[in-house]
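The same chain A turns up in both complexes below, where it pairs with chain B and then with chain C.
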Partner chain A sequence: MLGLTLGALPHFYYQPIWVAIIFLAMIGWRCMNIWRAWPLPSKRYKKQRWLQLSIAAFAVTLLLLHYGNLIGRDAGVALLTVMLGIKVTEIRSSRDFYLSSFLGYFLVVTNFFYSQSIGTAALMFVVVIIMTASLISLNDLTQSIHTKFKLKLAGKMLLQAVPLMILLFVLFPRIAGPLWGLPDDAYNAKTGIDDSMTLGKISQLIQSDEIAFRVEFADKIPTQSSLYWRGPVLWHTDGTTWTALDEKQYTANPPEIVSSGEIYRYSTTLEAHNNKWLFALDFPTQLPTDEKTHFTQDGQLRSDDNIKQRIQYQLSSQTQYTLNAGHDEFLQLALQLPENQHPRTQQLAQQWRQQTTHPHEIIELALNHFNQQDFYYTLSPTPLSGDTIDQFLFETRRGFCEHYAASFTVLMRAAGVPTRVVTGYQGGEINPINNVLVIRQRDAHAWTEVWIQGKGWIRIDPTAAVSKERIEQGMSMVMPLTMRSPLLIAQSQKLAELWQALRNNLDALDNKWNQWILAYGPKLQKEFLAKLGMSSPDWQKMVAWLVASISIVLLIISLFIFYRRKHHDPIARLYQTFCNRVALERGISEGPLDFANRLKQYYPDNAIEIDHITQLYINLHYGNQSASIEQLKQYVNRFKPQK
Partner chain B sequence: MAQPLSQLYQRFKQLRGRRIFIIPTRFGLLYAAFLILILLGAINYSNSLGHVLAFLLGSLGLVAMLHTYRNLAKIELTQATTKPVFCGQAIIFSLVFDNQSHFDSYHIEISSKQETSKSWNPFRSLSGYLHPQQLSPLTAQHTTRFSYSLPSQQRGKYTLGKIRIASQFPLGLYSTWGYFPNNYAALVYPKPEGTLPLPDATAQGQKLNSQQQQGTDDFAGFNRYRTGDPIHAIAWKAMARDDVLRTKQFSTLQGGQLAINWQDVSQINNVEARLSQLCKWVLQAESSGMSYSLSLPNNSIPFGHGETHRHRCLTALALYE
Partner chain C sequence: MASTANAIKAILDTLNDIILGKEQITKLALACLLAKGHLLIEDVPGVGKTTLAHSLASTLGLSFQRVQFTSDMLPADILGVSVFDRKTQQFTFHKGPIFCQLLLTDEINRTTPRTQSALLEAMEERQISIEGETYDLVEPFFVIATQNPSNQIGTFPLPESQLDRFLMRIKIGYPDAHAERQLLLGQNSRDKLKQLQAVISPEQLLTIQTEVENIHTSAAIIDYIQQLLEHTRNSDLFHFGLSPRAGLGMLRAAQAWALIAGRQQVLPEDVQAVIASIVNHRLQTRDAYLDRDVVAELISHVAIP
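Coming up: the complex of A and B.
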């Protein structure tokens, strides 16, 4: 029962509160039955039976109201939780007990839909141990075995099962899922950047500590200020919201990229975000081979399917490049502005336009404007309303990267320079433990690209004009301590540093876990087995290896189980302890009584104790049950030879 | 060629010891079904930890098999003793089990089947074991005495037949069992009952007056020593007088003599009821201190008294056919 509760515990986090309440109430009912003999629902107790049935009906109705169905993932798990709770109140026969135990295992599995962290795995082990112990308890018909022993036995069995589990995990031929259709809610929307942008949206993301992706560079890590991870490119604006092009439009032709400079090779582990884009350092030299992907006209690396699981891909990038230098089919779209909006912005742009027609100089003017006027980079910008661009540029002047990117784009377009907004992540934090660059949601960023004849799309980051630190040192340097660690810890610099170190370690561990345990699928299995020396692994070979190795390990385990040399006699052990404390050595054929006589001559002061111990040992060892081991233990522990 | 091979096989048999059978129980099969379900779910969702759990539980199932097997593997039935009982009382076999392994065994079910005839159906030998009783624990490398009680339903020899030990410990996913064929048997006396009074002792006794009545209570004189006479009855003082070995003769004072005859119960029709009546008389005669004899159509037991004599008479009744 404890196992069930523990197994259900993580679910309470994802499910409506009343699911937890009903579950705990049912468990409580059962406990009261055990401790206080409250009646349980049965044929004899009609009232309780009705109560239980009505609770069940009530729960199903609530579920239907809440989820609209009972077969989706969330609804199914909630149903399982509630029904298992209700089942607990009517466990009578051993059949019921087995059934609920097995359903309990199932409940543990459903946990994994939501979280596959190390903690969840550890919880799983604890739950399985407790469930196993309760199965032992069920088979202990007379309840004569101590609970501690049951837990120990369960733990032992599990420990013996672990090597087999590892073999199965490594060698069991993996099949790429899904086998059948998944319910619609199988993958939840995750936090992360979107393919649309409104002012104030990205600044919500910086509250999130969640990891977006991790990058492991093969040799050299580029400088912080060149770590631009391209995500969705936004073209169209209606004055407040920026959106991407229609997918069909921009996937038609690949972009024209000429890159040069140092080649950085890296492997990215991307968390599932249920969207199609992959993040890459501007600009990859070719498509990754691990996934089915393509380049869009505006330079995005996109997967053919939504990223529903954590994936890993290898890329190499060069940070100096020209993009679509000759021509771009969507140039007109990069000049689009909503009609009759942003009058003050338009006016400013026209003013610049009159000064010069050279795009370079217009850009220069805009950046200088941001730099020299009193613009501030802030993580909590003033909320805007009405004509947001005008308001920001001429009134509040306190903004986050998206404010600068959006208003810069509007200025450029008004001045006749084709410009677009690029969203993605900038920077990241190197974990010193494993040298992996960790990019969190708070590293989300928005910048712009300007098209200049002959040079193509050039990256302009207006945020850099306002806050150099953001780009050159990364987000975490800009953020105050209080935003990076829990409030309590942030009070002291030392604690905060400790916290950071701890987090780095945990994250390094988490990364290994993700890469090796959670990502272990058909592909990784083949790679890993090939590394182990299996030439061209296929499922027949895996099964052969599996059967062979499992047989060997089972043989070893059974040797372990059946043959034990060491004798675990507590009486003999205690006596041995006693013998070890004295200076004399007991002869091989010397009986305990003779030995005691010799000892008494040597330790005349301890004669009484020696007699006691010897007598107890003889009584215990030769079958006299009147003596107790406890007593012997006491005497032996108290025994101090005096000479 | 054949001989060394068969020798080898014999040695192998010795090494292997007793056969232990093991199959999954209903719940074991249910467990396996759940495992497959979990594995399918894990594959469907490409859930790595789902795989881990399915594999962990699968391995646990394998390990449980070894543990269940171990629970019985090294248990031997070394001794069985029993005492005769009257029909209707429980027969108690005192079984001594020796757990030779280094591990304690728990929750062993002991049952037995009398009928050992071979059947054309090999599965017949699996079923029909009655009177299950639980034994727990069997301490490692110790012998444990267990009182296995069985109801006695009819007089005669009760052969224990095959003893079956079985266990599902620890997880109940597997059932393991083994047999101890044996020929231990208990004697079941007839049930002492009946309403007829004890036959008239004196009337019977007078008929036998001419015979020598020997008892243990009153001194009745000397007899010359014959081989087989009890040593304690030798009259040593008398021997000191004239160097002739004599034995002292005693006679029983109390009840006199009683001859119990098959004919005495002829008015009872049922053979079992007759035997029950005779059994009751034997017990009555014994407790009243009489010397009594028993004559059955196929057997007759001369006069006597005491535990051994009683047992002889009751055995004759128990085994009467």
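Coming up: the complex of A and C.
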């Protein structure tokens, strides 16, 4: 029961609360039945059976209402959880118990639909041990085995399965795509940046500690202030929301890029986000070779398919570049503004426009404006309503990167300078343990690009004008350490530092786990098998190897057992032959003399032979007198019980 | 060899002549002494505990002391006491009843733990220490203790450590109908006791004890005993498993049993025959299992190698 509860525990996180309530109530009921002898629903009483049926019907109705159907990952697992809970209350025979246990194992498997982290694997390992132990206790009819011993035995059984597990893991043919075909609803609720932006959206994102991607640089790591990871580029605005170009426009020509400077080579492990963009350091020198990708006109690196599982790709980038210096097809779009909005902003821009027509100087004016007026960079900006741009620029003046990027773009466009918003991530944190740059959701950022004739799209980050630290030192410096730690730990700086170190270590471990265990897909498998000496492995070959190696392992084990039995004791084997020949069965705790006495009553005619054999066996097995095995063998071979 | 078998047969015959209808019990008691173990006899009053102890002492030809334990006894009453001698102007040690070959402590659980524990060292080390002096006890040395079931009034239950020093605890039980009739018809056992002759000498007893130790125990038997001990330690039935001392005792007792049965090697049956008397007082069962024969279960769970 504990195993079941533990197995179901992670699911509660993903399921509506009432699933957990029903499940725990049912388990609780059963526990009360065991400890306090509460009545259980029984078949004898019609009323109680109705109660049970109605709970089940109620649960199914709730599920239907909540999910719309009973098929699919979430609904299916929720159904399994609820029904398992109800099943527990009606365990009567050992058959029910077996059924619940096996369903429990199944519940364990479903956990991996949601999470495949080390933590989940470890927890499920424990659950499997507990469940195996409860199966053992079910088979221990006299209940005389100590609980500790049961757990030990279960652990031992699991360990014995490890060689086969490793073989299956290495050799079982991997298919491209996720481990198993998951229904579509399996990719819901991924946090991450979006292809649209409204003020306040990214600042919600920065509450999240979740990892967006990890980058391992081959040799040098660029300075923090040049770590701009480009995501969706936003062009269109209706005054509050900024959106990207649509899919068709994306497939237009690739951008013109001229880059120079140092080449940084790196490998990125991107967490699944169920969108198409890949993040790359501005600006990549070529497409990654290992994924089907393309560049869009506005410089995004996009995959052909949605990223539904963690992927890894190799890139190299140069941080000095010019983008579409000659011309840009979408230049007109970069001047679009909603009509009759932001009057005060328009006015300010017109003012600048009258001072100078040179885009450089207008930009300068705008950045100075942000820098010298009392604008503040804050993680918790004042909520805005109505004309958000005007309100921000002239009233609240407290904002986050998106506020600055959006209002700067509006200002530029109003002054006639083509500008667009770029979203993505900026900075990241180096894990000192394995030197991997970890980019979390809280590193999400928005900046702008301004197009200047002859120079192309130039990155302007208005946030830098307000808060230099955010760009130069990264988000972690702006956010106090204590703010990034769980509440309790946040009380003390020392604890927070300790927490940070612990997390770094865990993350390094997690990274290895991702790279070696979870990323073990068809590609890695091929490479690994090739290293083992299997040329051009295809799935038929793998299956053949798999079958062959499993047979070899089983053969070795059985040979070992056979060997041990054979060489263990020839005398015991002879005696066993004798015992097999008679109609009576010798109890495991029946001594040879007792058995002989019983046999002699059953086979009075064979009494002498039985005595002979028993005496020889006793002398050989328990005594020190030199009796001959040969003699025992002869007796046993000649022995024919007569009834 | 033959003389040993004869001696044992003679002893058992004599014992069975006095304790009627309890062949198995007298055999166990004898096995216990042959295995150099102390014996605890527990039963209600009047079933012949003292008679058994007394007749064992007489037939084995041992010097015999009997102490009736009461609640006001002190350790000195058993061990002895130093008394100032006027003539020699010195303290002289007056040996207590423990300086004998067989000490019968009647109703051991009537006395206080203090006096009970005075027996501890003597039983295990076969020596006693008084006022800094150590005195060796004579060889052979046995303690046969009798006690009333601890649920009776006025008893101090023996602590586990003390219980563990008794190799066996046996219960005599009421005689069956036939034996009881004979008992009622026959001669008073007190008179018979007085007429008892020693069957063997203490020296002979020592020889037989050595023979017990030389009874062959195969690896299979060692495995079997080990697995039995292991099972008591892993089982849910008991608070604690058996001690290594209990294991050693089990082995010696099984050897003695084999010798009494006239065999030169220990069989699993020997272990099974003595195990109940060895483990019953050492294993504390959890409450839920009170009404079960745990020893039978223990035996039935462990496969004979």
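Basically, the second predicted complex is superposed on the first by the 507 of 643 C-alpha atoms of A that agree within 3 Å, B and C clash if a C-alpha of one lies under 4 Å from a C-alpha of the other, contacts with A are read in each partner's own complex, and residues count from 1 in each chain.
The rule we apply is simple: a residue touches a chain if its C-beta (ideal position, glycine included) is under 8 Å from a C-beta of that chain, and two chains touch if they have at least 3 such contacts.
No experiment lies behind these values; they were computed from the predicted model shown.
A.B. asks: Tell me which partner A:454 touches in the superposition: chain B (first), chain C (second), both or neither.
C.D. replies: So A:454 meets neither chain B nor chain C here.
A.B. asks: One more residue to check, A:618. First (chain B), second (chain C), both or neither?
C.D. replies: A:618: touches chain C, not chain B.
A.B. asks: Touching A:108, do we find chain B (first), chain C (second), both, or neither?
C.D. replies: The answer is first: A:108 touches chain B but not chain C.
A.B. asks: With both complexes overlaid on chain A, does A:146 touch chain B (first), chain C (second), both or neither?
C.D. replies: second
A.B. asks: Compare chain B and chain C by how many residues of chain A each one touches, and report the one with more.
C.D. replies: Here the partner covering more residues of chain A is B.
A.B. asks: For A:164, select first, second, both or neither according to whether it touches chain B, chain C, the two together, or no partner.
C.D. replies: A:164 contacts chain B only, not chain C.
A.B. asks: I'd like to know which partner A:590 touches here: chain B for first, chain C for second, both or neither.
C.D. replies: The answer is second: A:590 touches chain C but not chain B.
A.B. asks: Where on chain A do the contacts with chain B and the contacts with chain C coincide?
C.D. replies: 142, 144-145
A.B. asks: Which residues of chain C touch chain A in their complex?
C.D. replies: 216, 218, 220-221, 234-237, 264-269, 272, 297, 299-304
A.B. asks: Under the stated contact criterion, what part of chain A meets chain C in this complex?
C.D. replies: Within the complex, chain A touches chain C at residues 142-149, 587-594, 618-619, 621-625.
A.B. asks: Name, in rising order, each residue of chain B that touches chain A in their complex.
C.D. replies: 27, 30-31, 34, 37-38, 40-60, 62-64, 66-67, 70, 73, 101-103, 106-107, 134, 136-137, 140-141, 168-172
A.B. asks: Over in the complex, which chain A residues touch chain B? Could you list them?
C.D. replies: Contacts found on chain A: 94-95, 98-99, 102, 105-106, 108-109, 112-113, 116, 120-121, 124-125, 128, 132, 135-136, 138-142, 144-145, 153, 157-158, 160-165, 168-169, 172, 174-180, 182, 186, 309, 517-521, 554, 557-558, 561-564, 567-568.
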